[in-house]
Amino acid sequence: MKKLINAPDDVLTDALIGFGAAYPELTVNLEDRYITRGPTAGKVGLVSGGGSGHEPLHGGFVGYGMLDAACPGEVFTSPVPDQLLAATKAVNGGAGVLHIVKNYTGDVLNFQMAAELAGDDGLQVESVLVNDDVAVENSTYTAGRRGTGGTVFVEKIVGAAAERGADLATCAAIGREVNDRSRSFGVALTANVIPATGSPGFELGDNEIEIGVGIHGEPGRARGPMSTAREVAAIALEAIHADMPLDDEVMVMVNGLGGTPLIELYVVYAAVADWLKAHGGIITRNLVGDYITSLEMAGCSITVCRMTPDLTDLWDAPVQTPALRWGR
Amino acid sequence: MKKLINAPDDVLTDALIGFGAAYPELTVNLEDRYITRGPTAGKVGLVSGGGSGHEPLHGGFVGYGMLDAACPGEVFTSPVPDQLLAATKAVNGGAGVLHIVKNYTGDVLNFQMAAELAGDDGLQVESVLVNDDVAVENSTYTAGRRGTGGTVFVEKIVGAAAERGADLATCAAIGREVNDRSRSFGVALTANVIPATGSPGFELGDNEIEIGVGIHGEPGRARGPMSTAREVAAIALEAIHADMPLDDEVMVMVNGLGGTPLIELYVVYAAVADWLKAHGGIITRNLVGDYITSLEMAGCSITVCRMTPDLTDLWDAPVQTPALRWGR
Amino acid sequence: MDTSAFRAWVHESARLITAEAEELTRLDAAIGDGDHGINLRRGFQAADEMLDKAEAETPGAVLQTVGRALISKTGGASGPLYGTAFRQAGKSLADATEVDVARLGSSLEAAFNGIQQLGAAHEGDKTMLDALGPAVTAYQVAAEGGADLVGATRAAAEAAERGLQETVPMLARKGRASYLGERTIGHQDPGAASTVLILRALATVAAGEAT
Amino acid sequence: MDTSAFRAWVHESARLITAEAEELTRLDAAIGDGDHGINLRRGFQAADEMLDKAEAETPGAVLQTVGRALISKTGGASGPLYGTAFRQAGKSLADATEVDVARLGSSLEAAFNGIQQLGAAHEGDKTMLDALGPAVTAYQVAAEGGADLVGATRAAAEAAERGLQETVPMLARKGRASYLGERTIGHQDPGAASTVLILRALATVAAGEAT
């Protein structure tokens, strides 16, 4: 295992120390393991969290116009209720707190417990579940679709609404709307290596790709032969299109999984733009870069959100976080 | 070779098309191969360029407060004079044009020819050479130190000065000052793969790192055993410190080479902050992320600039580019 | 079983899980995300340490302390699930200072119900319930047949082991493994494997064999 | 040599460089960045195509067109260097329509000077000059000794080949290879290798053997 770390058990602590040093405008609570910008009186507090290894998600999205706190778990392991509860209390500005939860059993259960504990303490907590990954069949026979790239859209758009004074119920409703309108699909070229185990999450042949991969390296729908950026974009977009028509105004994220050069993401974005044009889609907003990663995995995910004028307006609102910044 | 591309020969064109689609506020001239925001009347035009594969450098730094144009060559190959000349003409706002050139023979020669051609056409052109990589002995027996991470500082700071109306000579002088005050050192954990050849630039053992690597995978001072983030930071900072004392106010960039997870860069940043503190350095500004990459190479480079109040002020000035944004 | 026996159970569980952490992680790497052993080792070691410092004076208090510690420290799906299991088991013991065969049986059942309610899985979904369910049944059958604590806990541990083997041909329908669908067939469920360890620790302690 | 012979030289150079592109790249991968063959193939193919369309009616015009094409299309260090070499060689031929042994010799010398001035390298620095320098000298010695175009260009090509071999023990002091210092010893310089190909193409054309 080749990683720029000090010891596998120290990765999260060291990273939080580094993060805190790099962004002095944010507070890192090392004891309770959360990153926050503190409470804003009268504003709904937004808390997200999940396993580490997906940076910049979620810590990189704490700041004006987006999250109030992020709770990183160990690498690929959901955070625990204590830290979620501590963060929830830390960002309570009196208007209640919204939990933004990616749909994984561990995340769901831990957030649920934290919400109950917060409720016991008299806090008003709502939660939005993100489950945008069309690679998972949404059936009663699975834990349901995973939460992936759509999380970035939900956090940004709800963040803007909260900043503008939306109440807790409205924030939750907007979050669910964004989630309902968002779909993702990921493809991996190489596996990632979890520091604690030191070995690749899966084995891929030199000419194989994992189609429909999860952000923890969960295997996807199928393995396929290595193909062109155009084919990869088509596989992802067809899977999404089959689930939600893409023949309208959409926001698109071409997201690198951590080990893919940016130049390749531009190549993929060109293919995505082409495909959408050919299928009647109109890209009104986009993100191209690493926003929700899977350690050093090579590959990309594509997330699409069908926009409305209101959502676009919230998307365009100012945001000042380590990983997303504009308009102020 | 596993890459999200369509064909090795099409990488640059496809990436430029994707870049242009992703950033409609910028203009991509596919014919002459440059990215620009157009000329600003009365302002010094800033043009940089170099081989591709270092994204977001340079295209990602075109925009308000930074570059006016970037000329990408083929992957790891310097651009040609024609495109540099075309870009130079395209950003001429009447106050002359400054070329920001990383010190590689190819870049230097091609920029020099472009500058001569531009001069023949009556344009006023100056150039700043960036040569900040302390891994190369600065002797008469080499082509001199390479230009690496310091380029980001030069482009940002000169960009701010130009935006404020500094004339060509002043812009050049500030650029040289930033370069004089900047030093970089890089370490690679894995090699990169050039699309056109399809094989790794060098071979590294499972437990080896390349110390003092260049951004094209040029081998460095030595090979060493894989070590901790703390040791890697110390190796880089000691090399820099031996050349330029770090016991004062500094700006630090911990830069990912393309294949390193962001969480590792945070770990490295923590180590860098620690080391500097122990050696009397005071970090006043920082960047942590992928700014000047080497395709999918895993590893990082550390760049330090000894700041002055004026340089800090220019650093803090508004910038609106794909890869750096703040303050407006 | 008295309070110190329950403390010994937790200690032995922590020891076994630590010893088997790599194997649990290996199982999870095959059909999950490869952290089950790491998660439980962290959780049970924390529980064991917390217990050392806590003034838990009844078996019920011991189990509730463990439950809270597991919830606070484990993370992942297994943390809340095992944490809830221990808390519910502890609650069912109320203030008893000595736990007999029947009472332990109903606390195991409470554990099962706690996991079931929180995770909404059913037996056959390829989860820890597929080890715990058969164990609870075997325990109760043995107890009704007159077995003592030693016999009933041994029956439970053995049934859990059989339950674990039966997860191999199952298709996962809950948790992270469910994303793999058919590809989970042929692998043991990691949570079922850790349940076996916890019940084996119980049998060891009941038999007075713990180190 | 007339205009069409010069065109044939360029065409043969492009052919040889295309055929040897992988080998040139392999040499550059060892001590540079692995793109020399790719760069020159792109440059010479562009030069060859441009020449097909251009109305270059004198040998000098041919070489200047090639020089401009190389500068416009090659990139890297070799593009401006070879481009300048061809432009200077072309300029030295002025309006001549037929180039004799002596004239070709001075144009080769102009090429050498062009590279030398632009790149500021010296013979012994492990660059293309270490093939071109000996070639120019050998050409002139042969010409002074009465050799015709066939003999003089053959002498040049052979000397370039020897010069290339002599780059093996050299330590690079210019270009990207200079960063490797000692580690360049034991490798041929890629630019010297491409110079050999260009001069071999010249000898082939002079001998009337080009395909």
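A few remarks follow.
Chains here go by letter, A, B, C and D, matching the order in which they are written, and residues are numbered from 1 within each.
Convention: contacts are C-beta pairs under 8 Å (C-beta built on N, C-alpha and C of every residue); 3 or more make two chains touch, one makes a residue touch a chain.
Note that the structure is a prediction, hence the values are computed from the model and not measured.
With centres defined as mean CA coordinates, chain D is found 55 Å away from chain A. Between chain B and chain D the centroid-to-centroid distance comes to 32 Å (mean Cα coordinates, whole Å). Contact of a single residue of chain C with at least two other chains is seen at no position. Taken residue by residue, chain B touches two or more other chains at 75, whereas all remaining positions touch fewer.
A linear topology is adopted by the chain contact network, the touching chains following one after another without closure.
Here the chains touching each other pair up as A-B, A-C, B-D. On chain D, the positions that touch chain B within their shared complex are 25, 29, 32-35, 38-39, 42, 71-81, 118-119, 171, 173-176, 178-181, 183.
Of all residues in chain B, those touching chain A in their complex are 2-7, 11, 14-19, 21-22, 52-53, 55-56, 60, 75, 189-190, 206, 209, 226, 228-230, 232, 258-271, 273, 283, 286, 288, 290, 293, 295-296, 298-300, 325-326.
Against chain C, the residues of chain A that register as touching in their complex are 51, 73-82, 104-106, 109-110, 112-113, 136-137, 141-143, 146, 194, 196-197, 199, 201, 214, 216-219.
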